[in-house]
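In the two complexes that follow, subunit A is the common piece, with subunit B as its partner first and subunit C second.
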Partner chain A sequence: MDTPVQLTIDDQAVSAAPGTTIHKAARAAGIVIPTICYHDYCTANALCRICVVEVEGSRTLVPACVAFVAEGMRVRTQTERVRRARKNILEMLASTVDLSEAPEILALMKEYGADAQRFPGALKRDPPLVDDNPMYIRDYAKCILCWRCVQVCASDAQYTYAINFEKRGFHTQISTFFQRPMPLTTCVFCGQCVGVCPTGALKSRRAWLLEQGMLE
Partner chain B sequence: MSIVTTTCPYCGVGCKLELHVKDGVIYNVTSPFNSVVNHGNLCVKGRFGYDFVYSPKRVTVPLIRKVPQVPGSRTQAFDRSEWREATWDEALDLVADRLTGIYSRDGSRAMAVYCCAKATNEDNYLLQKLFRALFRTHNVDHCTRLCHAGSVVALQMAVGSSAMSNTAAEVVENDVFIITGSNTTENHPIIALQMKAAVEKHGAKLIVVDPRRVEMVDYATLWLPLRPGTDVAVFSAMAHVILKEKLCDEAFIRERTENMEAFAASMEKFTPEFAESVSGVKRNLIIEAARLYAKARNAAIYWSLGIPESSHGTDNAFSLIHLALLTGHIGRRGNGLNPLRGQNNVQGASDAGAMPWHFPGYQPVDDDASARKFEEAWHVEPGGLGRKRGLTTTEIVSAIAPEGVRALYIMGENPMMSEPNLNHTRHKLQDLEFLVAQDLFINESGAFADVLLPATSWAEKEGTFTNTDRRVQLVRQAIEPRGQSRPDWKILCDLAKRLEARLGRPESAFWDYACPSEILEEMGRLVPDYAGVKYGRLAEEGLQTPVYDDQHPGTPVLFTERFTRGRAKFHPLDFRPAAETPDKEFPFILTTGRVLEHWHGGSMTRNSKLDDLYPEALMELHPDDAKRLDLSDKQPVRVRSRRGEVVLRITVTTRTTPGVVFIPFHFREAAANLLTNDVLDPLAKIPEYKACAVRISPARPEDLEKPEARQPRGRY
Partner chain C sequence: MPESDLSPLHAVLEELASQGRAALLPALHAAQDLYGHIPEPVAFEIGRVLRVPLAEVHGVIDFYALFSREPAAKTVIQVCNDPVCAMAGSEEFLKTLRRQNVTVHQAPCLGLCEHAPAIIVREAQRGHVKPGKITETIGEAPRSLLGGDIALLTRNCGTGRATALLEYEAAGGYLALRKVLTLPPDQVIAEIKASGLVGRGGAAFPTGLKWEGAAKATGERKFVVCNGDEAEPGTFKDRVIMEEDPHGVLEGLIIAAYAIGANKGYLFIRGEYHRAFKTMAVAVAEARAGGHLGASVLGSDFAFDVEVRRGAGAYVCGEETALFEAIEGKRGFPRVKPPFPTTHGLFGMPTVINNVETLRNVPLILTLGTARYRSLGTEKSPGPKLFCVSGDVARPGLYEVPFGVTIRHLLEDLAGGIRKGHRLQAILFGGAAGAFATEKDLDVRLSFEDLRAAGLPLGSGVVMVFDESRDLRDILLRLARFFAHESCGKCYPCQIGTQRQMEILERIAAGGALLSDAACLSDVGWTMTDASLCGLGQTAASAVISALKLWPRLFEGR
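Here is the complex of A and B:
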């Protein structure tokens, strides 16, 4: 067993095995670093950047979900710079994505005092709802591109590789290859993607029909 | 809104489900990510396949046939207009009267029952108790006979215990593993995820031995594409190589096995050259596979129904067991002999005694001490329980005749889809004097019944399932029973009391249970492996049997110190081909199985949205064969065997091998079991579903029963 690494997080002395992320080391010490795209059972990708922290000596903010602890590291999780960055991220998300079914993100917005109307002229991501199979619907207006669904469809769980990102930048969206309807892809309809979706963008069709009052 | 944690009703993996309920309607299913069996992952059936509960075709009122049925001309009634609704009292009284009448006239030989691997341990324990204690018959069986009987018999004879020796999740600890006769990604999808991870993330090497190029071949180091029915030759040739190259674990063989010499002598003839000549597998592949498996530190074998469903299924399973015994790949973590059980509760139904040769806990019916034990427990006079083995599933069908079986009680099963040679089954069921079906739907078998007793689904009752790696898990009620449907255990207790009154039994076998946990406790008092299985201990992860007392922690790995029978026993083997091999008239080998979206006879999945994903039977045909026969993809064909014919579309695919075709057996419109051969393995009495000879000719779209049922899919 490797010798544990000694570091401080918010001035608290913390000891963690080498190879532990700052996020997990903090959690073990009872310090909560907020996450959105991170999921305990998916590979962390530092996409949403809500988990950023200040590490002494680092020019930029560091995403805690992928950065490993190091000897003597001094981490601060709630500095003004960190909190401002998180608030910004939340406000930008809220300006473009329908977060109405993402209670965890809504709670964070409250906690960080984020203003959903800060960017009133922002372009909304508003693609039409995709209802192309009997099992689940895809409402990408609610998608924050956390990548969980792509990962569980790939080597995080299912090894099916039915979905990926398409387009670039603001126009990035989760899609099947060549935008084929889901039944025509390699999809096995396991719904692992639905299981990890944090915003209600992916939803069992029965749950959606129930909401619409259309469940027979 | 509520969320109820329960266990999946489909396959033997036993995934944990959370049913989300609003106003009595299940609208979503999730799974906790910390679940020990499935880590939050589910397959399409577990996550989306529960809507059969709400199918408009579901029967929720007791039904009695309007026209009295006569042996010889019994008909199928799918239409509700041929049935009249009855009260529970009327239906149960009728069942009790008719069953007692037949029993009083003909005795125990006229009575038979199919228990149900979908139902709970408690339901199965009660139903076998009912037929044994009240009708004194051991004609008690269920679909285990059609599934892993060959594995069960071989394991019982070789090591003394017939379940997976290790826990499925241990696959990531294998250095090498063999999958044979299992399309794991479709039939045990969540175990397949762990197998893929074992290869991709943990560096395990996989050997697939299968006539089909199943998806797991994509992850394999070696694929041995054998001709159906030649398993003994291939695995014994591997044993031959292990013996010749002295790759055995001598100490293990010396200390823990017996009969090695006779076995080794019988392996002389199984040279890789011989195996290649009968199986079509290149000899070097066999040699390489033998070396890879034998030299591994940790190696395990996973198999499913491709092994046992054969006229020499027991021998097939022996040939796998031998590999583990020769190399000592058993009795340790990350090793083992692992028959992947099909049904959610086939392990539990077997444990609960739903079998003709065993009381609960595999205590032989022909052993006087065991019989005495159960006579005392069930208040039966000494000698009251027969000491002769009862009839197996397929034997029950064959025994339907004026001097044989007259009354059949079917709980949940569907022999008119699942038996081999269905034309024979149909003929036999027509000859029954009385048939009761206890089910959710009027399925192909229940359509023959006189009375249909509406049972609840798994979401409407309490109980336990025992999964493929012997884990007993809770089934919890999420919604109220639909209509007047009732949980199986309540129906059975009600019926049993009526029967006891009519039979004039001085002492009751006892049917007054307040809840299912009391039934499991009664079973635990009679079955040592379940002695410590109590509901209060099952809430989180369940318990893996054996659990010998209330403190025992359960047993993830079997045989660490000793085998159940003491020493494991080698069994000399000879090669026998499939009972029916291809010839000029029937040049193809048909093998059967399942697809991801459907479940067995289809009572559940064909009444679900799952049917929209995969609405019609498709036969897999290799491109070489398609070219030779001048057939194109999705073209309808007529497939004939010596026993029957079906019309269905083909899918031209390299998932099968030249000369071998595959048909899933879920579809009434093209029932694969009209074609299959009802020849039985002499020891296990399991039919040969995996190999029979067929011929193929073009058909017209209008010959299809549902030509409009087409769902283009990327996967198929």
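Here is the complex of A and C:
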């Protein structure tokens, strides 16, 4: 067993095994670092940057979900710089997608005093809902591009590779090959993508029909 | 080529199949060239033969601007509409294209800033274009515009054509490589470390340290990569070197490979740089035929070969790990660092990746010797440096100077000063990812230490000059458009921040700034700077933040 690494998180002495992420070390010490894209069973990609923290000696903020603890590291999770970045990322997210079915993100917005109306006239991502198979619907107006669905469909779980990305930058969307309807792809309807979606962008078609009042 | 005829595609794929996914970008380039776009059956075949999941083939096609799933007109023309070309009349030029049967792409900076306004028509670079009928001979063929106090890095440039192998050797070329092959690799690394060479791509990392890291790292294979994905608006130095002195770059790459023990190298060249790509490919073929590459480099027991790769329209691939992803046949998403390329680079192996100008310095250092090399420049910034001067100066062009001359010397003595009848308003330093300088900075010396003290980034050596008649709000909007277009979309701060930054600047440039806009712009800017995953996002607001400090009134709302 490797010797544990000693560090401080918000001035609290923390001990963690080498190879532990800052996020996990903090969690074990009872310090909550917020996350959005992170999922315990998916590869962490440091996409949302909500988990950024200040590490002494580092020029930029550091994503706690992928950065490892190091001996003597001094981490601060609630500095002004950190809070500004988190608040601003939440505000930008709210100006871009429909977060109405993302309660965890809405709670974070409250906690950080984020203003959903910060960006007047901002372009939203608002593509039409895709209802192309009997199992689940895809409402990408709610998609925050956390990549979880793409990852569980690929090498994080199912190895079906039915979905990937379309376009890039702000205009990125999740798509099948040449936008083929899902039954014409390699999708095996395992439902794992629906299970990991944090915003209701992917939803059981039956649940959706019930919400629409289209089923008894 | 009708898209129902897959036989020419199969011929290409047969050659590429053994590379698997790593051949995805070359295969898509071939398909784009054959069919004018990449239709579904063609994409399907490529995925099947190279064993890439179809959804990922789709993802890769969509990531790169030079690949398209939609058919285009027979003539595709790329028009640069970034600051320098816009100031030289690209907007007027674009208007006249509407009535012609051509597909127009408003391209990010084409690296032809000294010939603005610039376009590419059917792979041909054309500069100083004026409104008129589009042909391959519109405007002028750009010819390198060189100047400066010295000509070491550019000694073989300025002829308007590529220096062939025999000429290069006649001028003392490949002597450095011959010498290196007689030395132990660690001695080569020691020489590069002693020279004080740091990377010329923008990050200024010590080259010798990078080489040492990769030499010491363990891996079953190692790679060297030349980063020729030059796309920082205002930068054209690497294009000129690759087009006119390809062996100077190649020699540097071979020496790097010898130093770290790599047997395979890649030259990754920006997709829009057709001429540089062809020139480098010819040089590699010459070097292979001449025994400078292959199983026994110049008769030694060192084996090394090079593959020349084309980018496909993505500025972010200039970021080293995104460039690896592109070579590996993936979307050009930058990777999380650490781990760094010296231990986990291309295909997960120890890799040295250096910029074109950096590699061109290598044979120079070994030929001159460290002492003579260091006699140029300053103590902390030794050696020669290329600066790309564009915009409102009398003589835009590529200038080679020793580090340590002043900005004033570069602009007034070398580039002929501000264009006639005008005065200096601002200089964008370091590129789109740079910062603004003004009159008060003219006596700052061009060295890493002096520029850092003045708060100016050296970046990729961009010096973009604006006179008093230019609307800086319009310039900023164009820079913001560039970043919004080039953001890969991986991390949220840059994915959304570049879009919001552009929207706010659109409002400001149109004279309709809101009271809240300056504060929003600053918050978005600092969030991108502090929290983005890669250098693109971290510098996407750099010029805007510097303008907010220098000219707060530009951003005032009602």
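The rule is short, and it goes like this: the second predicted complex is superposed on the first by the 215 of 216 C-alpha atoms of A that agree within 3 Å, B and C clash if a C-alpha of one lies under 4 Å from a C-alpha of the other, contacts with A are read in each partner's own complex, and residues count from 1 in each chain.
The rule is simple: a contact is a pair of C-beta atoms (placed from the backbone, for glycine too) under 8 Å apart; a residue touches a chain by one contact, two chains touch by 3 or more.
None of the values given here were measured: they were computed from a predicted structure.
J.: In the overlay, answer first, second, both or neither for which of subunit B and subunit C A:11 touches.
T.: neither
J.: Should A:2 be classified as contacting the first partner (subunit B), the second (subunit C), both, or neither?
T.: neither
J.: Once chain A of both complexes is superposed, is A:123 in touch with subunit B (first), subunit C (second), both, or neither?
T.: It touches subunit C, and subunit B stays clear.
J.: Under the stated touch criterion, name the partner, subunit B or subunit C, that contacts more residues in subunit A.
T.: C
J.: Regarding the shared-chain residue A:145, is it in contact with subunit B (first), subunit C (second), both, or neither?
T.: A:145 sits against subunit C, while subunit B stays out of touch.
J.: If we overlay the two complexes on their shared chain A, which of subunit B and subunit C does A:188 touch? Say first, second, both or neither.
T.: The answer is first: A:188 touches subunit B but not subunit C.
J.: Considering only touches as defined above, state whether A:204 meets subunit B (first), subunit C (second), both or neither.
T.: Touch status of A:204: first partner only.
J.: Hey, what residues of subunit A end up touching subunit B and subunit C alike?
T.: 185-186
J.: Which residues of subunit A touch subunit B in their complex?
T.: The contact residues of subunit A facing subunit B are 40-41, 133-136, 152, 155, 157-159, 180, 183-192, 194-195, 203-207, 210, 215-216.
J.: Report the residues of subunit B in contact with subunit A in the complex, numbered from low to high.
T.: Checking each residue of subunit B against subunit A gives 20, 22, 25-31, 33, 39-44, 47-48, 51, 54, 185, 189, 193, 196, 200-201, 596-597, 609-610, 612-613, 711-715.
J.: Show which residues of subunit C lie in contact with subunit A when the two form their complex.
T.: Residues 40, 43-44, 47, 53-59, 62-63, 69, 314, 331, 336, 484-493, 495-500, 503, 507, 514, 516, 520, 523-524, 526-527, 529-533, 538 of subunit C touch subunit A in their complex.
J.: Which residues of subunit A touch subunit C once you look at their complex with the stated criterion?
T.: 45-50, 52, 60-61, 63, 66, 81, 84-85, 88-89, 92-93, 95-96, 118-123, 144-145, 154, 161-172, 175-178, 185-186
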